[in-house]
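Read through the structure below, which is laid out as structure tokens, and then see the notes.
So that you can tell them apart, the chains are marked A, B, C, D, E and F in the order they are listed, and the count of residues begins at 1 in each.
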Amino acid sequence: MVELGVVYRSIARADADVTTRLGGFGTATVHEAMGRTGLLRPYLRPIYAGAQVSGTAVTVLLHPGDNWMLHVAAEQIRPGDIVVAAVTGEWSDGYFGELLATSFRARGARALVIDAGVRDVRALTQMQFPVWSKAISAKGTDKATLGSVNVPLVCAGALVTPGDVIVADDDGVVVVPASLARKTLDASTAREASEGDKRARLAAGVLGLDMYAMREPLQKAGLKYID
Amino acid sequence: MVELGVVYRSIARADADVTTRLGGFGTATVHEAMGRTGLLRPYLRPIYAGAQVSGTAVTVLLHPGDNWMLHVAAEQIRPGDIVVAAVTGEWSDGYFGELLATSFRARGARALVIDAGVRDVRALTQMQFPVWSKAISAKGTDKATLGSVNVPLVCAGALVTPGDVIVADDDGVVVVPASLARKTLDASTAREASEGDKRARLAAGVLGLDMYAMREPLQKAGLKYID
Amino acid sequence: MVELGVVYRSIARADADVTTRLGGFGTATVHEAMGRTGLLRPYLRPIYAGAQVSGTAVTVLLHPGDNWMLHVAAEQIRPGDIVVAAVTGEWSDGYFGELLATSFRARGARALVIDAGVRDVRALTQMQFPVWSKAISAKGTDKATLGSVNVPLVCAGALVTPGDVIVADDDGVVVVPASLARKTLDASTAREASEGDKRARLAAGVLGLDMYAMREPLQKAGLKYID
Amino acid sequence: MVELGVVYRSIARADADVTTRLGGFGTATVHEAMGRTGLLRPYLRPIYAGAQVSGTAVTVLLHPGDNWMLHVAAEQIRPGDIVVAAVTGEWSDGYFGELLATSFRARGARALVIDAGVRDVRALTQMQFPVWSKAISAKGTDKATLGSVNVPLVCAGALVTPGDVIVADDDGVVVVPASLARKTLDASTAREASEGDKRARLAAGVLGLDMYAMREPLQKAGLKYID
Amino acid sequence: MVELGVVYRSIARADADVTTRLGGFGTATVHEAMGRTGLLRPYLRPIYAGAQVSGTAVTVLLHPGDNWMLHVAAEQIRPGDIVVAAVTGEWSDGYFGELLATSFRARGARALVIDAGVRDVRALTQMQFPVWSKAISAKGTDKATLGSVNVPLVCAGALVTPGDVIVADDDGVVVVPASLARKTLDASTAREASEGDKRARLAAGVLGLDMYAMREPLQKAGLKYID
Amino acid sequence: MVELGVVYRSIARADADVTTRLGGFGTATVHEAMGRTGLLRPYLRPIYAGAQVSGTAVTVLLHPGDNWMLHVAAEQIRPGDIVVAAVTGEWSDGYFGELLATSFRARGARALVIDAGVRDVRALTQMQFPVWSKAISAKGTDKATLGSVNVPLVCAGALVTPGDVIVADDDGVVVVPASLARKTLDASTAREASEGDKRARLAAGVLGLDMYAMREPLQKAGLKYID
């Protein structure tokens, strides 16, 4: 059962440099490097195309229709953080807009990931403040009920612990536990290194069938070619 | 029960200047200024990003798979209108495309809001004729069954009366009853005025907690900080 | 029952010139020219706006969570083809990304249509390799189970036979059977020819009511005008 | 714009006898008798199969996550009413359960139609208190915000005015404006009368093709039979 | 491209006895016996629980909002058939109700499978005429546009050819091509035979781990037990 | 990141008697008693109406399309457990059917909660083995990839730790952390106790307005009555 009405001020953030470098790989590579775990549900979508970021998670648990705790969370943001917000119920209205984005940016936040809706999408796009959300809606919220800041929570189907690394791009959002950040960076680096060479060979017309030595296993599996 | 087979030629349009100025505020502000009413369901989405318009509603009631009445509606359009179309059933095919948009624009229409599908999205984007719709589909419609023009109708969950103000942007679509247009303009103006100052202060690092004097009510509500 | 574990190397492709010219008309016109048949379900959406292509279908039947056969399909691609992929189950993870796109392009493929998910959307957009898909997801797939290449299959609700013409744009995806390609081209040409003139007249303010001679049938249908 | 914070105590209810008799026809017949208008969106489903009721509408406008006004509405219920509840936002939690059903029944309510969620479904089924809802959820609501009672509102896409006739069964929910109740009853009676005879003839093997004299229009439309 | 305006009177139905016996196995067994192919999309649901049937397919292609061809199809039904109806577009209103069911039953039909909506659900349940549909809706359809009867079509994502075997139960709907009916019956019989023994052993407390000899492959795959 | 390929044999189950008694209250009461937390997403629905159970969680993490670990989990079941299964991806095919249910029951399992699909629904209903699932599908799964048993996991949006109490009925599924089971039982008991009296008073015609003393706060909030 999630704790309500609590703000944890001290959280163990993943290493800043590791966090930033993980962002360079993007979600597909990082997700693979983690053995295909850590992906938030794909219904979270970026509000504009082309953003690719990483940061350390400041988590916020909200109540349906109430964004009070986002203001409380703002104070806990440090440069390099990404705010990860979940709601204790299905909810798609607009919890976040231009003013909060201005405040979050002033505190050093790199992005927002929210399992709910946002608004002021045009202004957010002009500011280039990236947001991954479940919905877009002009309908606003109240400021009346306590949630929590920096408690572990479930966001879009994934468990996020404060301080974890968040990587987000056009393909979605991935969470990397702080304790696995460096190991995941190494695995991502290794994976990426081998891709540059592959890309060049495929561009030159080499087939994956040959590059990955698939012809024999396909034959063993019984694949028949018919002319 | 909605009247079928009727075209009302005389409708009481909201004041043109008030209508135009409401559009400058965008849906989030106008929706707030109306006490959070008037929002059409968020499944209506713009076919391209960045458009922000307002206009007076010319309403069209269509039958599933039949866009005959959009041609009838074209004649009723006056400069500054937005056509608001609903269908007497769930339907997502393409009722509207480049030719109708050309005609609507020639009549002075500023946009289309339709609780159904549209097509020719690339051409509409090149023309910069904004549309908010439920779907995009290349599938066209017939011209065989009578609906109505300029009757009150329900579009995406909201009651729209001919002549009402429609405001639409990336955050969605809001309807303002003609009788409330000026009052809503005043409330929007007041709301916006206070936002510029807030934006500057938040950008300078002031926290919403302090700017909105939230610390005391949060404490009263029992919020605990844990280091 | 679909054949599994088979690759047909010889398929009868629609005429290359006819195929290319069909692409110039876009899906709405081609779909109309076919008597409103051939449209794939509108849940297939382009990963970026503005692409408009046509090509001959190389079909691939995949298993849930397994993209092995996309590599097998790459070898069967000839310049001017579009790969059409279906899955034997509901599945939305990322079957296709930058590396496969590089390979497909090197083989001459013009696009991918897939009733599943893709990833590396930002890279695909930068490469301008167009994809129509059901979903976007960073989650990858395995390479362990045989499907088939160049068998007739159902993709997003439409039957696609290898060699058929695929036309795709922002409005969706249409399949034209190879045997009907020329006839459909003629019908599309005729339809388009009449549209240029109509567009000019509508832009000049002529009403569709008059241009299409709708006033009499509307009156016969009982339409009443009320002032 | 809907009025908030208001309870209308005097509403013009449709004739009780007409209301009850309309219920005997069921939604499909009544909907046809009204020219295929008045149907609420089919996502409203009964919480148990087999209920068929009618009643006069007492309307309730609720706020997301807040069922306070259902208690206010209870006092306005008279024997033969059906409560019709809408929410000023998308919301699926459980606004209504066994206790409110007990109270509504004690007041004479015949059913609830709600564009949101309900709970205590097993108890409601045992009580045989019929409910048509958008969702089922154990999650409850607050009692803190004013909505309205007996204002016209949009419920599941249809305009419902207090006192209108509501007919509901396994096929959905239909609203009949009070002013059209008797006319709709007559049309329903006429429609039903002709169906008994048709049913007997079809059961005896007569084809609809012959009974409805469809062969000639089908032939004219160009239908070809191929042996 | 599907043929429109055509009725094929002579179709090659699968063997009646084989068809009936396939029904006894249910969809899960038949689907497995076919190598996990042939399943229609799971959004098709029975209108009441507990029905399990099989029959030979009479196919009907309908237009959105038009059920004329269901009347044409009725004449083509022979005892033991199941009518399989698809629509040339997304459509969820009620194409079929009590009167058509009475006629279909009088002709010997065993069930309806329809990729659209139906109505009169209570009456159909009382008649025990089984229907698998995409939706339930009181909204009816017109009789104005030609489709086809007994052409191959795509229903809920699967290709159905007239005369194929349809098996349907609470788990969904499976199509077995007529040419594969006997082979699928044999495979189903073999599969079922082995299940009776397994059921008894599992009920007696034997673990699947032992019965299926899974412990060694699990160990090889690296499964670790931790006390 | 979830551990893969691991089976924890020793888990701390909540007290058996407390667990059983919590089941008697049902999900609505237990969810309220926990401060409205612990509810799994409402898309989990029972496969048949009327079941109400509780048990201690044995958790299973599955891969898409692979139910191998359900067999591994069977061995870890003790009388009074409920198996809670999650999948590392969106997946709706049938992971579970009659044979596994026979085995689970033989081991003493009371139910299955699965964030995926099941099949053999008719047999499961006849056996009265209750299941809450996301989907029903005849499509089966493989046995090839390791997941885990008795690791903490996210199921339908809620964190479930092995040994937690699961309560499920027609209103959904709630998880009670083992450490909070007794406290939640006390709170549920208190809540239920007060409801019997309320039910009697409401049935006698007392209004909630009076019973809950709502008239004054409603008046303070500004509610206006209009005759």
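Here, a contact is a pair of C-beta atoms (placed from the backbone, for glycine too) under 8 Å apart; a residue touches a chain by one contact, two chains touch by 3 or more.
Just so it is clear, the structure is predicted and the values come from calculations on it, not from any experiment.
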| item | value |
| --- | --- |
| Neighbouring chains common to chain B and chain E, by label | C, D |
| Interface residue identity across copies chain C, chain E - same or different by half | same |
| Matching chain pair for B-E (criterion: over half of the contact pairs shared, by residue number), options D-F, E-F or A-D | A-D |
| Pair joined by the larger number of C-beta contacts - D-E, A-F | D-E |
| Cα-centroid distance, chain C relative to chain D, in whole angstrom | 41 |
| Rounded Å distance, chain B centre to chain C centre (Cα mean) | 31 |
| Inter-centroid spacing, chain F versus chain C (mean Cα positions, whole Å) | 43 |
| Residue numbers of chain E (touch at least two other chains) | 36, 42, 90, 92, 139 |
| Contacting chain pairs - touch in the sense defined above | A-B, A-C, A-D, A-F, B-C, B-D, B-E, C-E, C-F, D-E, D-F, E-F |
| Of all residues in chain D, those that touch chain A in their complex | 64-65, 89-93, 139, 144 |
| Interface residues, chain C side, partner chain E - complex | 1-2, 4, 34-38, 41-42, 88, 90, 152, 154, 157-159, 176-177, 180 |
| Interface residues, chain A side, partner chain C - complex | 26-28, 31-32, 36, 39, 42, 45, 49-50, 52, 169-172, 174, 195, 198-199, 202-205, 207-209, 212, 214, 218, 221-227 |
| Interfacial residue positions of chain F with respect to chain E in the complex | 5-10, 48, 68, 71-72, 74-75, 92, 94, 97-100, 102-103, 105-107, 117, 119-122, 125, 135-140, 143, 145-146 |
